[in-house]
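In the two complexes below, chain A is the common chain; its partner is chain B in one and chain C in the other.
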Partner chain A sequence: MFGEKAVELIRELHRMSDGQLPAFNEDGLRQVLQEMEALYDQNQTDVNEAKAEGRAELIPSIKLRHCCLLRNQRCLAAYLYDRLLRIRALRWEYGSVLPPNVRFHMCAEELQWFAQYKKSLASFMRSFGGGEGLDITQDMKPPKSLYIEVRCLKDHGEFEIDDGTVVLLKKNSQHFLPRWKCEQLIRQGVLEHVVS
Partner chain B sequence: MSDALSDHGSDIQQDDSQEEDVMTPAELIAKLEEAWLNEKFSPELLENKSEVVECVMEQLTHMESNLQRVKKGDVKASVHRMEIDRIRYVLCSYLRARLQKIERFFPHVLEKEKSRAEGEPSLLSPEEYAFAKEYYANTETYLKTVALKRMPANLQTVDLLKAVPEPCVDSFVFLRVKERQENILVEPETDDQREYVVDLEEGSQHLMRYRTIAPLVSSGAVQLI
Partner chain C sequence: MFVTDIRKDFYEVVANQRVALLVAPDIDALCACKILQALFHCDQVQYTLVPVTRWQDLDTAFLEHKEQFRYFVLINCGANVDLLEMLQPDDDSIFFICDTHRPVDVVNVYNDTQIKLLIKQDDDLGVPSYDDIFRDDEDEEGDDSGNESDEGSEPSGKRRRFDEGAVERRIERQRAKREWEARRREILFDYEQYEYHGTSAAMMFFELAWVLTKDTKDMLWWAVIGLTDQWVHDKITHMKYVTDIATMQRHVSRHNHRNEDEENSLSIDCMRISFEYDLRLSLYQHWSLYESICNSCYTSCSFKLWTLNGQKKLQEFLADMGLPLKQVRQKFNSMDMSIKENLRDVIEESSNKYGMKDIRIQTFGVHFGFKNRFLASDMVHAAAALLESTEKEDSDSDNFIKALDSLSRSNLERLHSGIELAKKKLMAIQQTVASCICTNLILSQGPFLYCYLMEGTPDVKLFAKPMALTLLCKYLLKAFVHSTRNKRCKLLPLIMAAPKDVEKGTVIVVGIPPESETSDKKNFFGRAFEKAAESTSSRTLHDHFDTSIIELKTEDRSKFLDALITLLS
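So, the complex of A and B:
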């Protein structure tokens, strides 16, 4: 039936409910576009026939096909737009560099969109405080205490704190660090907040 | 929250020569908090408060540089550090809330900006406007190259204004009244109700449709909570 494949694309996104990004379904997209092309061609011939020979009985089927076309267009736009929103959320979660397994799931144009979004966001954040900038992707939660206890989940090398002290972040070591310095590392999965 | 600031930021007053009223840091932070709460709870984008943001940024840099001078291990330093963190959180959260609304409603936000009358203050700060325009262009180009270009000739455009949902101004919000209001017209909920007017007493709290009190939010007569 017409429109089935387009809905399948939407379902695919819907199944990944918690904002995960499934692989870009190039194949599904192409199939829907092919279906649209076929519908459109069929409509063109029918319209010409209806006009030339005055066959009014063709009009309902033309209308039906046109509705299918509109529906397919809408589904595709929704599929693509929803993916963009998920990609946007990833920028806020992982920072400006995406992990390779996520990039793998994106198509070339999505990567391009992401690069442009990153740029817009960066120039927006740079504009604060007379060119000095303010990273608004930090400070996601209200601060409760200055220092927090963290455990290293993987080797990260040396890490410098504001006052110049350098700590070595080795796997499985525990540290007592300023919260505002490790927020990003926690989200990247390098550190884990130890709640005792 | 703002007490710890008062010994720091006396220079903020000199910077605001274009503003008539001189603000103390405590008032400034109160302003920021007010804008933050309003923005967080209102369904649509409110007017930008870029001068407040700029002042708070200055204040933060000032406090940071003061902290550099304090000796290590001073108890006062960590109190101030905490203060900076909290203010920065409010500021970032405020800017984030605005940016999220701009992204969510970008065609409508830009449309509103376009139809704005000469002299009327803009909802967007220049930076936000630039961001919204880039976001729009970026998203439109993306949809075009990936799908629309490959569609039949009569289906190659999508009206983003219709495709992207509008902010729901009919949602209900909690509010506290700061200045007494008389004769607020409340529209009927159901068919068998009629519209009626209420007076809002100062200090009282209400749950109302955002649409009804939207002008009062922007004039600062009520505070969303």
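So, the complex of A and C:
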């Protein structure tokens, strides 16, 4: 049935609804594009035939194929756009360096888009405070205190804080560190916030 | 050196610095650590907390952190050895030691720069005076120390003429030096012979919080738990416990909300700490009364519950109090209110008839929310069970973190799981005690009693941990004293060995002092084990902070014991 493969792409994204990025389904995309090409070609010949020979009974099938083409286009656009939204969320989640397994799932154009997005976000952040800049990806929720207590869940080696001091993150050690330095590591799962 | 003003010399020094906390694995240390952490959170002192279970861990932790930290706080470890020699720190590292282990090593006491002891000086320390142990030997340069044959070298050649006087003086000096050294050895031997424990570290830090007027009820509760840990694990004398309870009682009454009546009543969720003159039955409010009586050391030993006669006496005791068996075997919270109301007085009256004069003990309880009521000893048992849990293959530091978590009020599920583990541990202890007594596994070796837990014993894995084994040891000795008729054996100390690691073939050996009413809890096994190990060159590991607990290779067990027997006879 026409349009099935396009919906398959959408279903794939829908399955991973919590914002994860599945691998870029090149094959699926190509198949849909091929289907669209085939439909378009068939439509072209039919239109030419209808015009030349005045065969009005071809018009419903032309209309049907046209609808399918539009449907496929809409599905593809939705697929690509949703992926872009997810990639944008990744910048806020992980920071400007993406872990390699996530990068593997993006195609070359998406990577390019990500680089551009990073650049424009960075220049936006730099424009605050009269040239000083403000990192708005930190502190997504209003912080309650300057320092938080964190527990180390795995050995992570040495970790440097703003004033140059180094902390050794060993498994099961607890530290009382500035909140903004820990947020990254908490998201990565190396540290765990201890609520007393 | 001893810190006199804990606020000025300790807290204000570290307040703007980054500190490394090295904490030993016992409940008192955990509580002290919680109090200190709360203070640090208040003042935003950056710190790093590292659990250390033995001397090797302390060493490793120090090596790893010495580049980044200048100030180290050691809790319940480090006072009883020469710390500077062991760790070899740089000159600018400063150690603050709050340790209950006594005797404090003399080098730690007299070092003025790097070691600061957060210990009260009136704590019954008996430190020898400086001149008795250290001596500036300026007249050392005159004679070659130890190599007397070389004395006839160039100086004496020229001075041989007026040497008569000089030789006499030199001989006199050497004699005085030998005498001084002999006296020094004797003084040090007396000082370091017995190991015992001082005031709880948690109480020290609570006092610091009080001086800073930053003390809260949570900190007070932790201080109480720290003190109760010392009592539950029999580390301090009864007199000291009662004195310290009186100190804590003053703080508790200070914290309790005055004018609490119908109009100004406190919310039910607020934490209330109250003084309780409660029963000495472990975990009885979280268990059934019957189980608690059967598994608490005091009652089990007084009734001799491993004998048939003992069981009958217990039934009589319950009948005497008028408590129906059905009620007593139920969970405590589901017992009839009419029974629960006067339970303590009823039990006290009946137990006086059965020879248990001290069934009640002064302690504290906490109450917050509708369901949560705990006695200090409940918390100690729960945290200790979590600290040494063998349920999963967790490392020591994982267990440390779990136990530390269970002390917070917000981690009630952790606390309840700790209570369940503690129940299992107590039951295991009672069964092991019963089987040891019934099968006469305790042998008298002359100067001490000895018991070895075979590998196939049920729950023997539980007893590979030092605190659990020590608890078992104490209960076993009490039970033995109650069951034996041999008057001499009642005054002997007990050494217990249990398999620690079957693959490596090691056993863990624990020695405890003899059981008596007025025992001062002083343990001489630390030194005895060291000497015995040296003399037989057994492969031992003296790695625990308590010197009376060591690890030994199974094959060396018999010669080690023989050496001990000869040493102590």
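One rule holds in what follows: the second predicted complex is superposed on the first by the 182 of 196 C-alpha atoms of A that agree within 3 Å, B and C clash if a C-alpha of one lies under 4 Å from a C-alpha of the other, contacts with A are read in each partner's own complex, and residues count from 1 in each chain.
As a convention for this text, contacts are C-beta pairs under 8 Å (C-beta built on N, C-alpha and C of every residue); 3 or more make two chains touch, one makes a residue touch a chain.
Because the structure is a prediction, the values reported are computed rather than measured.
On the superposed chain A, the two partners chain B and chain C both fit, without a clash. Comparing chain B with chain C, the partner in contact with more residues of chain A is B.
In the superposition on chain A, contact of A:40 is made with chain B only, not with chain C.
By the touch criterion defined above, A:17 reaches neither chain B nor chain C.
Between the C-alpha centres of chain B and chain C, as viewed from that of chain A, the superposed structures give an angle of 90°, to the nearest 10. By the touch criterion defined above, A:101 reaches neither chain B nor chain C.
Contact with chain C, but none with chain B, is seen for A:166 once the two complexes are overlaid on the shared chain. Once the two complexes are overlaid on the shared chain, A:177 sits against chain C while remaining clear of chain B. Judged by the touch definition given at the top, the superposed model places A:142 against chain B, while chain C stays out of reach. For the three-chain overlay built from the shared chain A, the minimum Cα spacing from chain B to chain C equals 5 Å. Common to the chain B and chain C interfaces on chain A are residues 146.
Note for the complex: chain B touches chain A at residues 53-54, 57-58, 60-61, 72, 78, 81-82, 85-86, 88-89, 91-93, 95-96, 99, 103, 127-128, 130-131, 134-135, 138-139, 142-143, 145-148, 150-152, 154-155, 158, 163. If you check the complex, the residues on chain A that touch chain B are 29, 33, 36-37, 40, 69-70, 73-74, 76-77, 80-81, 84, 88, 107, 109-110, 112-113, 116-117, 119-121, 123-124, 127-130, 132, 134-136, 138-139, 141-143, 146, 163, 179-180.
Residue ranges on chain C touching chain A, taken from their complex, read 18, 37-38, 40-41, 44-51, 64-65, 67-68, 395, 397-398, 400-401, 408, 410. Listing the residues of chain A that touch chain C in their complex gives 146-147, 149, 151, 165-168, 170-178, 195-196.
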